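Remarks on the structure that follows.
So that you can tell them apart, the chains are marked A, B, C, D and E in the order they are listed, and the count of residues begins at 1 in each.
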Amino acid sequence: MGLSAPPFSLLDFIAAKHSRIRTVATMILVPGRSKKQGTSLNKGKLKEEYLTVTTTAEMNERDMRRLKLSNGDKIRLKSDVGQAVVTCMGKKEEDLPSGMIFIPYGPSSSQLMGSDTAASGMPMSKHMEVEVTKVGS
Amino acid sequence: MSTTLLHLHTQPEVPLEAETLSPASIAGLSELGIEHLQVMHGNVRAKMGDFFKVTGKGTRDIHVEGDLSKVKMIGAGMSEGRVFVEGNVGMHIGIGMSGGEILVKGDATDWVGPEMSGGRITIEGNAGHMVGSAFRGQSTGITGGEIFIHGSVKNEVGNSMRRGLIAIGGDAGDFTAVSMRAGTVIVMGKVGVRTGAGMVRGTVVCFEEGSILPSFEYSCRYQPLFLRLYLIRLQEHGFGEKIMDKHLNGKYKRYSGDGVELNRGEILLFSGQ
Amino acid sequence: MPSELKIVNGRIYDPENNIDGDVRNLCIRDGKIVDSVSKTASRINAHGMVVMPGAIDIHCHIAGPKVNLARKLMPEDHRLDVHPKTKVTRSGTGGIVPSTFATGYRYATMGYTTAMEAAVPPITARHVLEELDDTPVIDKGFYVLLGNNAFLYKLLKEGRKKEFKEAIAWWVNSVHAYTVKLVNTGSDELWKGRKNANITDVNEQIDHYNITPAHVMESFIEAAHELGLPHPPHIHCNNLGHSGNISTTLDTMKAAQGRRAHMAHVQFHSFGGELNKNPVSGAREIIEYINDNENITADVGQVMFGQAAAMTADAPLAWMLRNVKFDKWVNADTECESGCGIIPFTYQESVYTHTLQWAMGLELFLMSKDPWRVLLSTDHPNGGSFMNYPKLIKLLMDSAYRKEALQHVNQKAIANTSLPELEREYTLNEIAIITRAGPARALGLKNKGHLGVGADADITIYTEDEDREQMFNAPRYVIKDGIPVIKDHEFVTDHKGKILHSKPGYNEDISGEIEPFFEDYYSVKFSNYAISDDYLHDHEEIPTNPKS
Amino acid sequence: MPQASKTRPKESKNLKIVKDATCTFCGCVCDDMELTVDLDEHRITKAKNACVLGRAWFYEHTLEDRPVVLIDGKEATLEEGMDEAAQILVDAKFPITYGLSDCPCEAQRVAVDIMDTINGNIDTTTSVCHGPSGMAFQGVGESTATLGEIKNRADLVIYWGGNPAESHPRHFTRYAVTPKGMFIPNGKKDRTVVLIDVRKTPSTPVADIFVQVKPGKDFELLWALRALVKGKKISEDIEEQTGVSREILDDLVQRMKNCQFGVLFMGMGLTMTRGRHFNSGAVYSLAADLNEFTHFVAKPVRGHGNVTGADNVVAWQTGYPFGVNFNRGYPRFNPGEFTTSDVLARGEADAAMIVASDPASNFAKKAIAHLEKIPVISMDVKETHTTRLSRVRFAVATYGINTGGTVYRMDDVPISLRPAFDSPFPTDQEVLEGICQRVKKLLSGKKARVAA
Amino acid sequence: MKINKTEITDTFAEAFAMWGARVVITADSKQWARAAAASMTGFATSVIRCKLEAAVECEIPPEATPDRRPGVSVLLFTMSSKAIAGQLIDRIGQCVMTCPTTAAFNGLESDKTVSVGGKLRFFGDGYQISKLMNGRRLWRIPIMEGEFLIEDSFGIQPAVGGGNLIIMGSSQRIALRAATAASNAMREVAGVFLPFPQGVVGSGSKIGSRYKSMIASTNDSYCPTLRSISDKGVLPDNVAAVYEVVVDGLSEDVVKLAMCRGIHAAAAKAPQIITAGNYGGELGKYKFHLHEILNNT
């Protein structure tokens, strides 16, 4: 039995709040682990493979179309505390909700993370609001 | 009324733990005696005089000047007297305080008044997380006293508080009054999410609409008379601009909760005249 | 160069050697008591002081996964009781579950030089050994929890008694345990497999195995007897904390059929009355049975008012307590081996059951006819901290103090005990028995608990004080392995104690039986399970006395 | 792993097989590795039973040509490195130690000793991993079990906010989903697997039920489940709030209450998002609530090989699991005050010893900026951003590959390591012991730091 | 001594030690506060039969009440400190809590307090909520209109009951005019109240009776109709009617002040005689000598 929540769109919701859409959008960045990140980490964090893996962001294809992005385009992610330029890759709409970006943990995601831990020791490492801008192909 | 003046002349390099900067410790001491009080500069034992110029012998009232944002535990354990700080303060201001008054003319950071049981702390600026909160593992937070923050605060205001009044003139972060046992938290600005999560008893008042957890239930829109008493008291303590007639005379939406606990707490959201 | 020490003019209490307060000298060389030492030996003048062997705690919970969970669980408790370092000792935190260093030092500051961790699931024994290595000053060992072991149950179900015995020996060897521990035998399967149920009777069938707790306990007692373990099975009976559990406790003692068995924290198992009603004291029935049956040893598990922590392999018990007081609760299931429950707890004078338990413990002590077999413990931290021992000693030695204490407790509870009529006062000699010589004998520790030639030079020297609590709270000197660790109440050096363990002999073939079971039902490889000798550090093997 | 196999050299003759070795890459700490070691090449050529991450771990940890010690970028001897490190630590007023999740307990114990000796501050990667779960544990406790118990008994397995297929690949296959157990004779067929996450991941296909929660709404969903389990009402807009319909919630509640032995595994999707420790606390509380109806446990799925060991060591030595400060000569604990991310971001630490971790790439910008300003001592098997900014850097042997020792699996089960081949690099433990001895010497006698 | 034409007898009013409490009733409007106060002070004229003497002390403007709503202050006296709590609980419970929009606050700072809200809270049937503000504990009792707010504890203090003036006039009209004037003046004094209707007593009593069941009976000495029958007759010939003005107060001083003002106000209306009632000084703790009051107040 496969119950599944209906799709919903964060982007639509956010779009209603921000009028300037198309090439700039506010999205939720969720960094996490991936197999590639895990395997490349063992080679070395200063090695190219790891750097490539941790600077590749996944995005819903519909969002990419809306932002006029295609696979391999460079985008700038900007949060309250920093920014990072990463490469974007499309994901099927049913696999990644609209409005969300996934990126493997690494120096790029750290650049965007605030230092406040809310008296827990843990910075908010997942779920960051970022502004997405296309910077080049 | 005479006061003892402590002026910060040297900024600490690392956090300075100065629980001796309190009426409880300086009372009756000479200037020299106060300068010789021990403080901890990181892992190094130091003297009050290494950082502060002291004027006047130890009285019940202390006046402190300087940017004390690296100075922790000011007013620790005080039961009487007054501490007046002209500047920012570090963590754990008023820790374990049972009486007297602390007034800070600047910002505070995390843990304002932990383990407080009486007295009053007023912060004219902003404060950080864990204002009037329990330390981790404690099932009971503050057991009395009043904490008045005129600016904004961050998360977990009044975590597990058992008694007392916390008033926030500005905004509060997430988990306001989380696991509250009883007592009152009044937020005059916006609140973050998950207000009152796990509260057993007690009252959270918000002047602005906020999100309500699914385990809280709406009960009515009414004028809580008791709240007028609190608001009048707060008007008398410098919140006059924030608390308007509409707040005194208006209606509040009452949500009872937390359903996962005893369900005897309440969130009161201001909802106009 | 040999290290020599001579303690002169002390009043010596050494019950094992029938010395009851005589003024004598003690000679020590290289950590052992000897006949004489050279003139260059350093001296301690113990004139007017009381000299006893170092005390031994036969039952406490001081190391391992459950203890560490409890530590992590209670930062608020540590915060209020810090343990600062000194120039020679490490820092730590105290409270009801102290850190390892604080545990060792605090035992030492009360004159204890040996303590036995009473409940260790074998799969986590490596953890226990690591912690014990960080527990300074005292010697220590542990009892391995085998009473709910799925593989052993399988053998019993199949009626393979010989393999059962071999497997026990394999386990004791593999984890470097001292003896076996049985806790609420048979309950684990019901707890984990039948939605938190519990065994209620020693003759009840255990799910899936067609055996009963009584049968399991009998089999263990028999196997331990045949293996000649230095200490018999250490048994935490069924139905702990339930009214009327005395019948279970009596049934359990009878199951020993005259063979040696140790009943742990017997106070918790001396409840009279009817199930689900208020308990009354059943201490008299229990102690009379123990008095009459020399095969039984017991530790009391005295309850002391104040902070405690239920910390037990008896998971259903912790669950019951959790439903009384909805506070933080830990449950930890260990695959094929054990359960565990932890609850912070406070014993209050005003509460009926708490007072009753306090009184029952004292009744057991005061009605005991053989101090060699009814030993002092609080089941730390279940009945209260080991730090309460001096106060407990005062309660036993000072009837006026006891009467005064009786005024402040729940009177309804006291009315259901015979404590007010008990006038007995323990003597210093008897205290030396229940805290030193008795535990040593029960444990089969020939070199401990006495001050005869050849004994370990673990010695405490007290300044005599009418207030026995004060006296036992702070020995003037504590000598461990011949080295004065505490002088004039202060630590003068750090010291590492050793691990005490036993190595019952067995036929290696048994591992061929166990290995397939591991492959099927354990989550670690069989070859990674047994613990290498590296984890023993300083250790001493206590010899077994096999019967076959 | 095709890339690794491409770089693998032709098999030489000097081979050794290590059976039942342990992989320390992730918190699964699988101890059933069969390693083929090329002793001439000093590398592992085959890691039978290892997952994709484990294979990378074993294949990639070869002996690199690096100096053992660099001081200010210049090569130095081990002794010089340890001297310099000890001096830095002793000179500091607020020295910190951080990391420790990728080294054995024996090394961790020495690290705590050093900080106790110098009245420093010690914290582990726990604080940015499941530290929030540790804090939640301190608030409400935990019903938990070893992984073997889950293999043997769990008929309802729920993963919340985690993606084990990519972070802990063998969690499914060795412990919790597919293996057959004592009362789970048919493996996965006898279990119901539920996955709750904000997005579909490679773990999703394993689930019988996938519940997609709106980002940042885990707590609300957990709270609603708690209320339903207790038979309380919940607000009608629950689907709007969380993205999960009432029908799905009711179904989930029934399954949880009626199962024989349930388990809730939580990932960092809970601890690292808004709510942090409260999210974990909600999971623990939900599991505790469910014990009124059946047997239920909850477990964090912990990350690094020995992060659980770090928790245990720090806890048994100090009473607290992480974020411990010794400034006053005894341990104190307060997450947010003594946790590394905070003491760096606030600019408080004045020297740092980083063992087996890489804060310079994982921490927030502000914290990294401060790390760049203070003297740093680092120990790592590879070059990292942290080793690069260190004043004293030690290249060390890899635990579990070159060295033995004890590690704790995510369920607190301790396991001894079986090293595969020797390394010319010192172990973390040796370096730490060298520093510890030196620090003790520098602070002996009158200079000893005592309690204040 | 004479004021204007009125003779002030050289005698004293004999008064008794009582225990007093002050309840501040607030409500959304003056009317509801008054209604509650009227109800609460009904049947509270004399301890002899009512067990309590009570009356409105004054009305309080919104700016002076704890919740900034219109308020009424009520004083309530009983003979013993034990009796007062029960009276407060009954009367607040039946007369204030039942009255729309009201709340009840303690109006006396005192070291000695009795639990009132602390008992009335049980009306909340377990749903009551306690609030502790600045050392004052308040109870919120859920009721049909919303919440009833009452303070947990009320201060009580020793008080004075039975201060009096006896006003004799040449006609009933003159005597009543003088008594009414006295009453009005006396009620202006803070801390006192006049327990009888409008403060004036037309049927003063003496202690005892020829009937066993009566502890008090008509004050025959002052009854004009008995001038010739009663042997104790004290009424001068020119007196046609007598009124008594009874005053209770929180202290001797306020009673004296009230009596002083009362004498002057009454005297201005020219009754024949102003005197006071006593029992020869045997029964009461306090003696208020009229001349002394007039000279010293």
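In the analysis below, a contact is a pair of C-beta atoms (placed from the backbone, for glycine too) under 8 Å apart; a residue touches a chain by one contact, two chains touch by 3 or more.
Keep in mind that this is a model prediction, so the values were computed, not measured.
Chemist: Considering only chains that satisfy the touch condition with chain A, which of them also satisfy it with chain E?
Modeler: For chain A paired with chain E, the chains in contact with each are B, in label order.
Chemist: Using the touch definition up top, find the fewest steps from chain D to chain E.
Modeler: 2
Chemist: Can you check which chain pair, B-E or C-D, has more C-beta pairs in contact?
Modeler: C-D
Chemist: If you average all the Cα positions, which chain's own average lands nearest?
Modeler: Central chain is B.
Chemist: Which whole number of Å gives the spacing of the CA centres of chain A and chain D?
Modeler: About 24 Å, centre to centre.
Chemist: Please work out the Cα centroid separation of chain A and chain C, and write it as a whole number of Å.
Modeler: Their C-alpha centroids are separated by 56 Å.
Chemist: How many angstrom between the C-alpha centroids of chain B and chain A?
Modeler: Centre-to-centre distance between chain A and chain B: 38 Å.
Chemist: Just the number, please: Cα centre separation of chain B and chain C in whole Å.
Modeler: About 46 Å separates the centre of chain B from that of chain C.
Chemist: Quick check on chain E: which residues sit in contact with 2+ other chains?
Modeler: As it turns out, chain E has no residue touching two or more other chains.
Chemist: Which parts of chain B, given as residue numbers and ranges, touch two or more other chains?
Modeler: 110-111, 129-130, 135-137, 139, 174
Chemist: For chain C, which residues are shared contacts with two or more other chains?
Modeler: Each of 73-76, 79, 327-328 in chain C touches at least two other chains.
Chemist: Can you identify all of the chain pairs that touch?
Modeler: Applying the touch rule to all chain pairs gives A-B, A-D, B-C, B-D, B-E, C-D.
Chemist: Using the touch rule from the top, collect the residues of chain C that touch chain D in their complex.
Modeler: Those residues of chain C that touch chain D are 63, 65, 67-69, 71-76, 78-79, 82-87, 90-93, 95, 97-102, 123-124, 126-127, 130-131, 134, 150, 191-193, 195-196, 319, 327-336, 342, 520-525, 527-528, 531-532.
Chemist: Sort out for me which residues of chain A touch chain B in the complex.
Modeler: 116, 118-119
Chemist: Any idea which chain B residues touch chain D in the complex?
Modeler: Residue positions touching the partner: 13-15, 17, 38, 40-45, 70, 91, 110-111, 129-130, 135-137, 139, 174-175, 178-179, 193-194, 197, 212-217, 259-260, 263.
Chemist: Show me the residue ranges of chain C that touch chain B in the complex, using the header's touch definition.
Modeler: 73-77, 79, 327-328
Chemist: Once bound in the complex, which stretches of chain B touch chain E?
Modeler: Result: residues 144, 146, 163-165, 182-184, 201, 203, 222-226, 228-230, 232-233, 248, 264, 266 of chain B touch chain E.
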